[in-house]
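Worksheet: one structure, shown below.
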Amino acid sequence: MSKRYLIRRLLLVVPVLLGTILIVFALVFLTPGDPVARLAGNKPLAPSTYNEIRAQYHLDQPFVEQYLYYLDGLIHGDLGATFTGRDVSSIIRERFPVTLKLTLGAFAIEVVLGLILAVVAAVKRRTLLDSAILVFTLFMITVPVIVLGFVLQYVFGVKLHWLPVAGIQDGAASYILPSLTLGLGLAASLGRLARSNVLDNMQGEHIRAAIARGLPRRRVVGRHVLKNSLVPIVTILGLDFAYLMGGAVITETIFNLPGLGFSLIQGIKTQNGPMVVGLVTLSAIIFVFTNLFVDLLCARIDPRISYE
Amino acid sequence: MSDPVLTVDDLHVEFRTEDGVVKAVDGVSYELGKGEILAVLGESGSGKTVHARAVLRILDMPPAYITGGRAMLGDVNLFDLDEADMREVRGARIAMLFQDPHTALDPVYTVGDQIIELLRLRRGISTREARAQALELLQWVGIPSPEGRLKAYPHQLSGGIAQRVMVAMAIALDPDVLLADEPTSSLDVTVQAQVLELLGSIVKRTEMSMVLITHNLAVAVGLADRIAVMYAGQLVELGPAKAVYGDPKHPYSAALLRSIPDIQRRDERLPAITGSPPNLLNAPDGCPFNPRCPYATDVCLTAMPPLEQVADDHLSACYHWDEVER
Amino acid sequence: MRGSLRVLVVGMAVTFVAAACSSNSSGGGSAAPGQQGGSFTYANCEPTHLIPQNDYESCGTQAFQGLWTRLVDFDPTTYKPVPAQADSITASSDGLTYDIKIKPNWTFHNGEPVTAQSYVDAWNYAAYGPNAYILNFFFDKIEGYDALNPSSGTPKTKELSGLKVVSDTEFTVKLTAPFSQFEYTLGFDAFDPLPKAFYQDPKAFDEQPIGDGPYMMDGKWQHDQAVNLQRYPDYAGTPGFADKITLAIYQGDAAWLDFQAGNLDITNVGSDHLNEARKSYSDTLSEEPGASLLYLNLPLYDPQYQNPEVRQALSLALDRQAVMNAILVAEKPATDFMPPAVTGYREGVCQYCQYNVDLAKQKLADAGGFNGTLTLNFYADDTTLEQAMEAVATQWKDNLGIDVKLNAIPQNTYFSGSSPIYQKKMTGPWWDGWTEDYPSIQDFLEPIYGANGGYNTSGYLNKQFDATLNQGNQQGLEEAIPTYQQADDMILNDMPAIPWGYIGFNTVHSDNVTNVVKVPGLDELDLAKVQVVGASGASASAS
Amino acid sequence: MSDDLMPPPESEVKPQSVIEAIALPTGGKQLTLWGDVWRKLKRDKRFYVAAFLIIIFVLMAVAPFLFLVKDPSVCPITDSALPMSKAHWFGTDILGCDYYTRVIYGARTSLEVGLIVSSLSIVIALTFGASAGYFGGWVDTVISRWADIWFSIPTILGALLVLTLFNGGGPVLVSLVIVMFAWPDMTRLVRSTVISGKSRGYVRAARTMGSRGRRILRRHVLPNGIAPVLVFAAYVVGSSVGAEAGLTFLGVGLRLPTISWGLQLAVADTRFPEDAYLMFWPSLFLCLLIGAFILLGESLRDAMDPKLFGGDV
């Protein structure tokens, strides 16, 4: 991998992000409705109030100018404000840690559980344990997040009182159930994929050669098989990480977590342009950079991968 | 012959699949003396590779199972060992050399990583010591500027160099027996000779014994003391290399010999063995070679010929061994 | 939101409650003697602002209920205004000028005295157009409002000419036209006083407001998590019982589960879980009529709906109670054009709100039937409402043979200026609701059905009705009520809309608290009255 | 002999193709690609489970009357939320409809969404992905960057936005919106398959024999690239069914009177935990449908090319 390649990749980020922002901006702009009038429900907002608020948010300007205003603000680090007057950047700052913690929790479960399931199933392939893991993972992948979330919440929160039901007031404990809700499905998905990957690599000639050299099986699986299976796994993990950081809308709603995903839903429902654009842009940025990171990581893992 | 280093006795390996049971190795026996090179010759699917993997117990189970026989390393039947003891045998007593060095080397670790890992784990020495030994080994197998190669990834090496690395790893623990499974078939012709020469010199210098698995009769004749010919999982002929080459006693061996181009007879068309290798799922009754055999008679269709002594140290499994002509 | 999405949605779409009181000095003061101390948690939602003049939804007003003491509260049985922070409110004989005396020696939570100036400054600030405060329009009846909100350009003055400070504890309000119910409107948070600290930094104030109520902020507003309150020790009114109150912020169904798990002391129960609450929490469940009326608004500009008999038939064909048993559990069938917790409400006067299929069929036949498909509009994104609308459609289909099509409209467009509702381009009935700004019958008549009503979207025009309302507006506070009722009678017969029902204000609470009561006339919990069981009283200062 | 070398009893022998197992000669019998795939599928239990379930669901979609359903529009409100009984196998929903009937009818919507999304994705992917991969250069740059832009917006978030714009809609609209944000995945897959296929022997051979670009693409690259696409398409069916349920649950997807599991889950959500059965049935069916397509995808993957997708043998 050359430095030039890295620079080129970074430069490519710019048009992609501009395009993303433009698309999201257009979508929000095109959405019919009047976010300002909505502030007062069906009570008549005073015309002076109404016009003043619209002017404050450049809503009285044509689309292109609104877009340019937004880009101008963005360059200066200003993500705009919500129609209730709060800075989008401060909302993001406030909610980012919530989503980050949730993501890290879910991600940890995905990585640890997913890889354990994969390796165990692969090593014990075609045994009862393998079949059990396959059935379990299939179930975890298919069960809707809504259902899993509610069931976990009800069983461990309401019935057993082991863990908090909702909110983030109980610190780390608050994140356990939501992380499980997200992480179990991802772990199962990763587990299935990684299992076939690990199996495939276990049949590789170099693994047979390593065994033939008398290396302990545990080490062969743990070092050689795993590292060889890592490229597709890391790729999936990267996508999942970006997806999680985009905000797990449903999970955050179920568990009352004030994170990015919930803000986005609120933003969309209240037609809060700056908030929606800010959040989607953020998730696109995270996505693009996670992808880049994953590519770099893959090249480190497998020296055969090279970028021009 | 002195006490054999490795004795393979009536080895049976089956593949159990949904399609049926395949007898991939069906009663193979031979003895390997100290410092001896035995070539196991056969087409792909003849069971020559499977038998070697069975000896080292590195078959994929399932679907492959060792269903009978013994593999005696000295006084020890390898098939009686538990997995931990067997691991001690691998590499240190019996090593294996693989066909394609690029697939047999782990692509995501450097050459150095892999050799040092082997030495550290099996010799119990420090990384620093292992590194020094690794350099020594690479030098020993004739790799120029070994320091640089240690840092190289397998895909950065040529086939010849990579196979030399594999040789280095195979002999790193001073094994008694080297199972070389088609060690040159993936290499360029010019390199093949070099690697074969290296193997020959190693056997000479270390008194190591070697089973050379190959489909190439010329390779076998050039290097081996004795040749064992396998067909459809069975040993059909076993004898001194010169004898098998000069006076084959099995029609299959004879057919193989005829298919080698001979400089003296360049005017003739090269005869191929007619017919195709048997489908082991439903092998023919009697001698498995009978559909392709020009000497086949009724008896060949009903009963498998036993492996009989036909000359000094020369065995053949053919009712018509005395009719066979080169 | 309070327990269910639906309530929030209704709340937002309808508009939010107004006035409230803090119970201390007035009507609701019949609290059982109890000890001060302890703390409790109540499920609330995320306010848009914590500045009373800039917030118009129930999440905020619930917080203001503890943070401020409004000028007036409402009587728990008649719902008439009773002075709270006000000492007295007197209208001039022409009904144009109101003289407001406030109670002396009250202080804000930062120690600053509450004076007449605190009120006047706050009102001026909110009425000043460029400040763009949401409740700006609440001041439009006061003289000088137009000067602060010119149709174009910057206003030349920043003060309402109708406001005059007489002394530290007295000021006068001059209206542009007589309005008998003005005193009711003073129960709304738009008329709360603001301390000087507000003007220095309104943004910071929004994060940690300083009011004059029984409770003060305990730390900053934790967005989307909680608003924490603690008892204000120097409160001049009747102090609250609990030492600390957490208004926990929920956004989904989590509050109900959290309550079941025992993590919440008090929560409201909406339609979705009321049946379960009636079963499992019957001993602490309280169901009281709330302050909104839900109705099906009608496009009277469409010839199809101009015959009153069609409208009567549509109303008669609805088995409201059946839908409320199954889906809208927290609602009760309407029997008037307003909910019960309103001065002037009369039980059972809506004869066409009964379920009478035979009469409905007959009325529709008399009117010549219904042509084509009826489009029933409602706002999207509310599963329970969607189910209810499906049930309504089925009833019209089954009972009147009308083919009904459902049309869900996004909430953003529902009440926007360009919405077909305001453009008078609706093609069928639409789900609507009205939450009172003050508990007077007038608030459910004039804004919706008056010729100049701010929310007359049906296009209803009845000169006699308007004249009667106007007559009521000129009269005194109490004598106006029967006049308004006469106007009510006119629309009860004319059915310009189909009254549906009113939502209950329903709460359940844990064993940790007692005396969980609603603020009379408003959809708010009376925070100061809640007593924590086993509170030691050690910290009691009490009056 | 040590135990682990001995074969298990005959009955425990797991299905395994001998050809894959030891690369033994097959006695000269040549197998076509699809014949081989079919032969491998026939011995894969997952394929049977998947096929059985999918057939059942397709029957539900095209011929619900086979399942003894009632009229889905008969919903007496007085029968709201009845428990399971002989008259109502799954109980009734909040509107009083027979829940069994409504759940069975939900299969049609889900399958519709799944099939539209996957088939449209295939068309787009084969057109743009193959062009980008085969022609390279500026064609590749334009298509790839355009795909990157859409790829960087998470499907659910993007679909949320667009569906808000359209104010929900029917299965077709919801499917189109999902495709809008999901197409880059498969396009990228096709592109990389084509790029790697381009350098393979048969393509080089065709080129040296004078075949033109488009012909090579159509006759040689695409057929060999179609295998991963088909596998991916099976996953797409499952994931788009899930996406539809999620979007509908979030209130921007399907609307009444469409019968959909997503809508049923949204209603069940409001009544959880009291009427848990409302959540159980649609999620069970959703699980089975998505699971069936996952299994189908996996068995296809392993049958088509165990090495290509890292499948187990």
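Going in written order, the chains are labelled A, B, C and D, and every chain counts its residues from 1.
One rule holds for everything that comes next: a contact is a pair of C-beta atoms (placed from the backbone, for glycine too) under 8 Å apart; a residue touches a chain by one contact, two chains touch by 3 or more.
Keep in mind it's a predicted model, so treat the numbers as computed, not measured.
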* To do: If you tally contacting C-beta pairs, which comes out ahead, A-B or A-C? Let me know.
  => A-C
* What chain is most central when centres are computed from CA atoms? -> A
* Just curious, how far off is chain C from chain A if you go by their C-alpha centres, in Å? -> 40
* For chain B and chain C, what's the span in angstrom between their mean Cα positions? -> 91
* **Between chain D and chain B, distance of the C-alpha-averaged centres to the nearest whole Å** => 47
* To do: Return the distance between the CA-based centres of chain A and chain B, expressed in whole Å.
  => 52
* To do: Could you list which residues of chain A touch at least two other chains?
  => 31-32, 126, 154, 158, 203, 269
* To do: Would you give the residues of chain C that are in contact with at least 2 other chains, written as numbers and ranges?
  => 253, 257, 260, 381, 410, 413
* chain B: which residues touch two or more other chains? -> 60, 62, 83
* Structure fact -> Counting only contacts in the complex, chain D reaches chain C at residues 75, 77-78, 80-81, 94-96, 164, 167-168, 251-252, 255-257, 263, 266-267, 269-274
* Interfacial residue positions of chain C with respect to chain A in the complex -> 11-16, 48-49, 56-57, 129-134, 136-137, 140, 148-151, 203, 206, 223-226, 248-255, 257-258, 260-263, 381, 410-413, 415-419, 432-435, 437, 454-455, 457
* Asked: In the complex formed with chain D, which residues of chain A make contact?
  -> 12, 15-17, 19-20, 23-24, 27-28, 30-32, 122, 125-126, 138-139, 141-147, 150, 154, 158, 192-193, 195-197, 199-201, 203, 229, 232, 242-243, 246-247, 249-250, 264-265, 268-269, 276, 280, 283-284, 287-288
* Residue ranges of chain C touching chain D (in the complex, touch as defined) -> 4-6, 253, 257, 260, 272-273, 275-276, 319, 322-323, 325-327, 380-384, 386-387, 389-391, 394-395, 406, 408-410, 413
* Asked: Along chain D, where are the residues that touch chain A in the complex?
  -> 14, 145-146, 148-154, 156-158, 160-162, 164-165, 167, 238, 242, 245-246, 249-250, 265, 269, 272-273, 279, 283, 286-288, 290-291, 294-295, 298, 301-302, 306-307, 309-313
